[in-house]
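Each of the next two complexes has chain A plus one more chain, namely chain B in the first and chain C in the second.
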Partner chain A sequence: MKRIPLAYWFLLPAAVSIILFYVLPVILTFVFSFTSMASDTGIYGNHYVYSKNAIRALEKSTLNRDIFKKIIERKYVFDSESLKIISQSKIEKKTQTEIEETLPGTVYSTEKALFEALDKLKNKPRSFRDKKIISRATIRSLNGEEFIEISEMRVAFEKLQIEVGEEDFDLITEVTNTSWHWTTKNYREVFSNPDSWRIFKNTGLYVTLTLGLFNVGCALIIALLTFYMSLGQSKFFRSLWLIPRISPSVLYVLLWRDLMDHSGFISYVMGYFGVAPTNWMGEFPWVTIIVINGFVGASMGMIIFSSAMQAIPKSLLYAASVDGAYMWQQIRRIILPQIRWPILFIASYQTLSLLTSFEYIQLSTDGGPARDTEVWALHAFHTALSNYWGNLRYGFGATLSVVLVVIGIIASITYLKLFKFQVLLQEPPIEN
Partner chain B sequence: MEKHNSNRISTIILFVLSLPLFILYFFFFLDVFTVPSTDSIWPESFTLVHWRFLTETLSGKPSIWITTLNTLIFSGCVVAIVLVLSSTAGYALSRLKMPYRSQLLGTLLLLHSFPSVSLLIAIFIILQMIGLYDSLVGVIIIKASLELPFGIWIMKGFYDTVPWEIEMSGVQDGASRFTVWYKLILPQIYPGLAALSIFSFISSWGEYVLPFVLAPSAEQQTLSVYLAGLLSETTAVDYGLLKAVGLFYMLPVMIFYIFTHEKLMNIYGGGGGSKG
Partner chain C sequence: MKIILKKFSKNFGQVEVIKDMDLEIESGEMVALLGPSGCGKTTTLFAICGIHNITSGQILFGDRVINNVPTQERNVGVVFQNYALYPHLTIYENIAFPLRIRKMEKSEIDQLVQEYSEMVGISNLLSRRPMHLSGGQQQRVALVRALIRKPNVLLMDEPLANLDAALRLRMRSEIRRIQQETGITAILVTHDQVEAMSMSDRIAIMNDGKIQQISTPTEMYSDPKNTFVAGFIGNPPISFYNGVLQKNYFVGTAMKFELSEATLSNGIQEEQKLEIGVRPEYVHPNFGDEVEGKILFIEPQGRETLYDIELDDGQVIRSIQMGSQQYQMGERIQWGMDHKNILVFDENGENIFSKLYGTSPKL
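Showing the complex of A and B:
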């Protein structure tokens, strides 16, 4: 008998969770992007709701008037459900038994008719309250009802004794159907919506500036400056710049919000120059999002560049200084050419993460004011998961995400080819 | 002489560049224990009033202790899952013979650099479909799964540094591959396990987007969502209180940071940071 190799047992749990909750979402982002899913269609198919809108649409439709009247009517029905509720109520036992024996299957169109029928019973309900209990237990109306299957709707029609022809029934199911459907409209909307272009430009500006000024620029300056410092000093500054990255994002943004608020430090300092206290975040939203992201993003480049510089052979640097090269020449001629690959790596890696992350923008400006700082990833988030105007459009949000997912896949494959990561190691020398 | 001068200039430039960070974190610690002054940036007096959230429940908010417990459960479970699954899968990929090994490694790397936050909408719909929406369990599973490619990659790196001789001698003595892994190899990579736990702890402790989107209700709230809720209130923001909650929230991370920031430097440099 062949035993299952240990490798599979070791790999299986991780593989299952990655496939289910990482790879599957990648695939389903594409699938969902072709649907009209939204918070008012729900995420399951086949919902039939007799909402106010649906009733209004039925009224205007070619539906048989009698059937329409029956649909909006209330009825009082003695079926198994209502009998069950009655049997659990406090109504006298003999009244209950008589109802169960004589009334099942009957339908009354008004409460008055129902009460008349109840009064004819030998053991009629003793109080008005009891009658009301029965009325509440038997009342049925399609108005506001929701069905998950068409067959459920047919059963309901039978119970209410509404006879509908196939044509009318199809009309009714079409009008009441709120479930999502497959569509390519989302993609057309992405291209035709004037907002898309503006948000696209915002994203480009945000990524370029943050990357250039901080994630690469500032990171490079810190790495170079600390390279020429004593070990203690350089350690201090590098540890300092790592703090924003380990700080919980909400807290980090909170500190910036206070700094830039009316009563914050910047307003206080600007007060010396005669500037009235201002909400600087609202005044300069672009500076805000770039600086807030930049002070977090610089740390990764700083670490990578520093360690790449440490790896430059000391002999190269000594040779340069013997030649009488100044620090600036040393940097330009030796250090920068030696670390060009790490710079390219950071630039491409951070482009991707800046493109897709929206956390710090959401917490600081939330894309405002007036959607001035709305970037693509945040736009997708607002569309599908969090907005003030109510309807969350999952399908359209997924379409917006597809753009990011495609960029992500292409970029990841490119890195893999470009940087190789020196990974695909030799085969293990031990057989299992 | 010249070197001395340039060193001083470097320090000054770096200090100016880092000034916002000094100011941010200086006022963080200052404001937490002081009464702000109305006309000056400097505080009026010492106080502990901002810490009232520890003993009384703030209006419209769940108790801080329930929220803290949620955050602990969330981070604890994520760390445990990531640790166990990464140390087994990492070993398999580093040491065990299997078909399609290089393809698996390639996929892993692909996922490692793939921006997982772009999957948020699909994940939201999936959790609703399988009924794990608005539960801590759902967020834990998602966070752990998204951390896994990174964790496996890090662990594989640590396994790669363990000399083959240790394994050879174990196998030759007749031990099974599992025993060799458990008794001989695992103790060799304790530093790796420690580094990965610290990293995934800090990452899940600070996680905001996932719990905010996938488990928004008050009973499931984590500290990040709690603090974000306070921050987004429309009335005048009480920064003293918010920073006190923030300091309470950041304490475990700070303790880790003080003792391990040099190790962290290595792990963040390993390409782990998924934040912008």
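Showing the complex of A and C:
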């Protein structure tokens, strides 16, 4: 038997956690994206519910109109079942007796009619509450009804004297069935929904601007400035830029909110220039999300770029100055080409990280105002996990995430091709 | 262009690296800065090309003080120890770099690069990248890059240190040839005395941030100013021995011999403490009998054989003799020294008896 090298055993924990926390979720997301899972279906649910949605769907379907009418119809029926419930209730005995004697077999189509009939009794129910109890005991309707088994539904149909053909019955069960099913509808929806394109553009704008202005641009500028500073100064400025990254994100955003509030520091300062107090975050949501993310993102690039610059042999810069290159020419012709690989790394890494991260946007503008700063990842989050007003659509959210994964992969491949990654990773031939 | 250093000093923080150095290099001359590592020779070089600011003193190119002229405008060519080729550029781009910075015409650059790369025989490598070149090829590229914009001065920092022995030999003469062809003023920094002696017109030997002696290689060898220079120059190295002068005799614990008249006429006092230095080629069986001891170590070198002789007081005198090994390890011998060719230093290591006459040893 071939022995497994020890190294593989050491790698095992990492492999397990990668599979559990990275590979599996991606696969599952992909799987979920082909389902109609949502909070109204549940993940296990396989019931038959005459929900508002289901009835709306039935209305639009080819179902026999008579049957449809009967399904949505409400009836108040005095049969043995309703009488039994009434007899167990706290309604006065004489009223109960009179109902049992006079009303069995009668059917009313509205609650109003039922109440009128009750009012005509000699021992009419003494309170509105009693009437309601009777109403509830006698009402027969499929509207809002939930069945766990198909057989239960058949029984209900019989009771309501609705005669349904097999074809119609199948249609009804299909529409009312709450269980999720396999579908490609999500994908069609992603591409047909006009929101998608708008959010896509938002995302592109957000990633490009944050990446260009801060995560790479600002990081590069800080790294270059501190590169030409003395050690003490450069340490100070780099530490300063690290503060946003090490501060807890919630506190960090809260500080920004305070800063940009009506009564915040910016409003206070602008007050001296005669500017009325303004909610700056609401006024400039795009500036807000880019700056908030950028201040955090810049530090990583700064650290990587700085250390890459430190690694450039001093003699190369000496040689360049001897050759007549001033600082700017040195930066353009020596330093930047030398740190091309770290720049690629930061650009691709931060593209992916910006594509998928939304916490700072969620905490600051939450995609608002009017979903103006909603980006793709936040959209997926809102759709699947945090929709305050409607259904949580797990399947559709998963589809949105899959689209994000695909975009991420395309972006990485483009970066790798653009920067000739293969060449960069080649081992230099050892000579001399 | 003439280079002059006047009372040049360089401190790094509290550390004084160079102290009041004076050096004058004639136009078209090649001077080697020779010294052990840490003696300040690279610092001097970097100060001349402007990478380091100088603490005090003056540096002149011709009659222009260039203390505050930035490196970019000094027009010096530098060959760095590790060549400092730009790894992301091709050889062509590396060589053309100084010209491109100066925004020279493309056609002109083309022509110059061709011309210069042919001069050192690398014109077939122009499209490669530095990492695909051997050490010797990289060295030539560095040299050409330094020369292509016709600098006032060529500075070389240990240019041959990273080459193998055979290549070093070849590049030695090649650099010297190119320097003489172009007539450029050049400074060579090296710790290798053979390199310094074979490549340069004059050697400035440095120790502890001071120039110990500036002279031609031959003079440096035959007339060292002090024991440091005597010990640093010469391979195999000189042997030293301590003693005093007693009635025209040099007397050590295990050796005694009469000093030559030329030496004595330099004003040595009776009972003065002395240190003699004797180069290995002036110790030979034919010279006399004052070197008495046993052979401690033998180093056959093919053409010559090197013997370490341990005198009875434990001090060692070295002898190099033509031909193959004639004596055995541990053998007791009684050899002599060529008295005319002995360097005599005083207690502080300063040379009193000025020079070796360099007469060929009686073999």
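Simple rule for what comes next: the second predicted complex is superposed on the first by the 252 of 432 C-alpha atoms of A that agree within 3 Å, B and C clash if a C-alpha of one lies under 4 Å from a C-alpha of the other, contacts with A are read in each partner's own complex, and residues count from 1 in each chain.
One rule holds for everything that comes next: a residue touches a chain if its C-beta (ideal position, glycine included) is under 8 Å from a C-beta of that chain, and two chains touch if they have at least 3 such contacts.
Quick caveat: nothing in here was measured; it's all calculated off a predicted structure.
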{"item": "Chain B versus chain C as contact partner of A:I91, first or second or both or neither", "value": "neither"}
{"item": "Touching partner for A:L259 - first (chain B), second (chain C), both, neither", "value": "first"}
{"item": "Which superposed partner A:V375 touches (first chain B, second chain C, both, neither)", "value": "neither"}
{"item": "First, second, both or neither for A:Q329, with chain B first and chain C second", "value": "second"}
{"item": "Partner chain in contact with A:V77 - chain B first, chain C second, else both or neither", "value": "neither"}
{"item": "If touched residues of chain A are counted for chain B and for chain C, the larger one", "value": "B"}
{"item": "First, second, both or neither for A:S315, with chain B first and chain C second", "value": "second"}
{"item": "Partner chain(s) touched by A:S299 [first = chain B, second = chain C, both, neither]", "value": "first"}
{"item": "Shared chain A contacts, counted only where both chain B and chain C touch the same residue", "value": "428-429, 431-432"}
{"item": "Touching residues on chain A, where the partner in the complex is chain B", "value": "5-11, 13-15, 17-18, 20-26, 28-29, 32, 37, 43-44, 210, 215, 218, 221-222, 225-226, 228-230, 233, 235, 237-251, 253-259, 261, 263, 265, 268, 291, 293, 295-297, 299-300, 303-304, 307, 327, 349-350, 352-360, 362-363, 377, 380-381, 384-386, 394, 397-398, 401, 404-405, 408-409, 411-413, 415-416, 421, 423-425, 427-432"}
{"item": "Complex contact set, residues of chain C against chain A", "value": "46, 49-51, 70-73, 76-78, 80-82, 84, 86-89, 97-98, 101-102, 131-135, 138, 145-146, 149, 162"}
{"item": "Footprint of chain C on chain A - complex, ascending", "value": "313, 315-316, 318-326, 329, 333-334, 337-338, 340, 428-429, 431-432"}
{"item": "Residues of chain B defined as touching chain A within the complex", "value": "6-7, 10-11, 13-14, 17-18, 20-25, 27-28, 31, 36, 40-41, 81, 84-86, 88-89, 91-98, 101-102, 104-106, 109-111, 113-126, 128-129, 141-142, 144-146, 148-149, 152, 160, 164, 167-168, 171, 177-178, 202, 205-206, 208-209, 213, 223-224, 227-228, 231, 237, 239, 242-243, 246, 249-250, 253, 256-257, 261-262, 264-265, 268-269, 271, 273-276"}
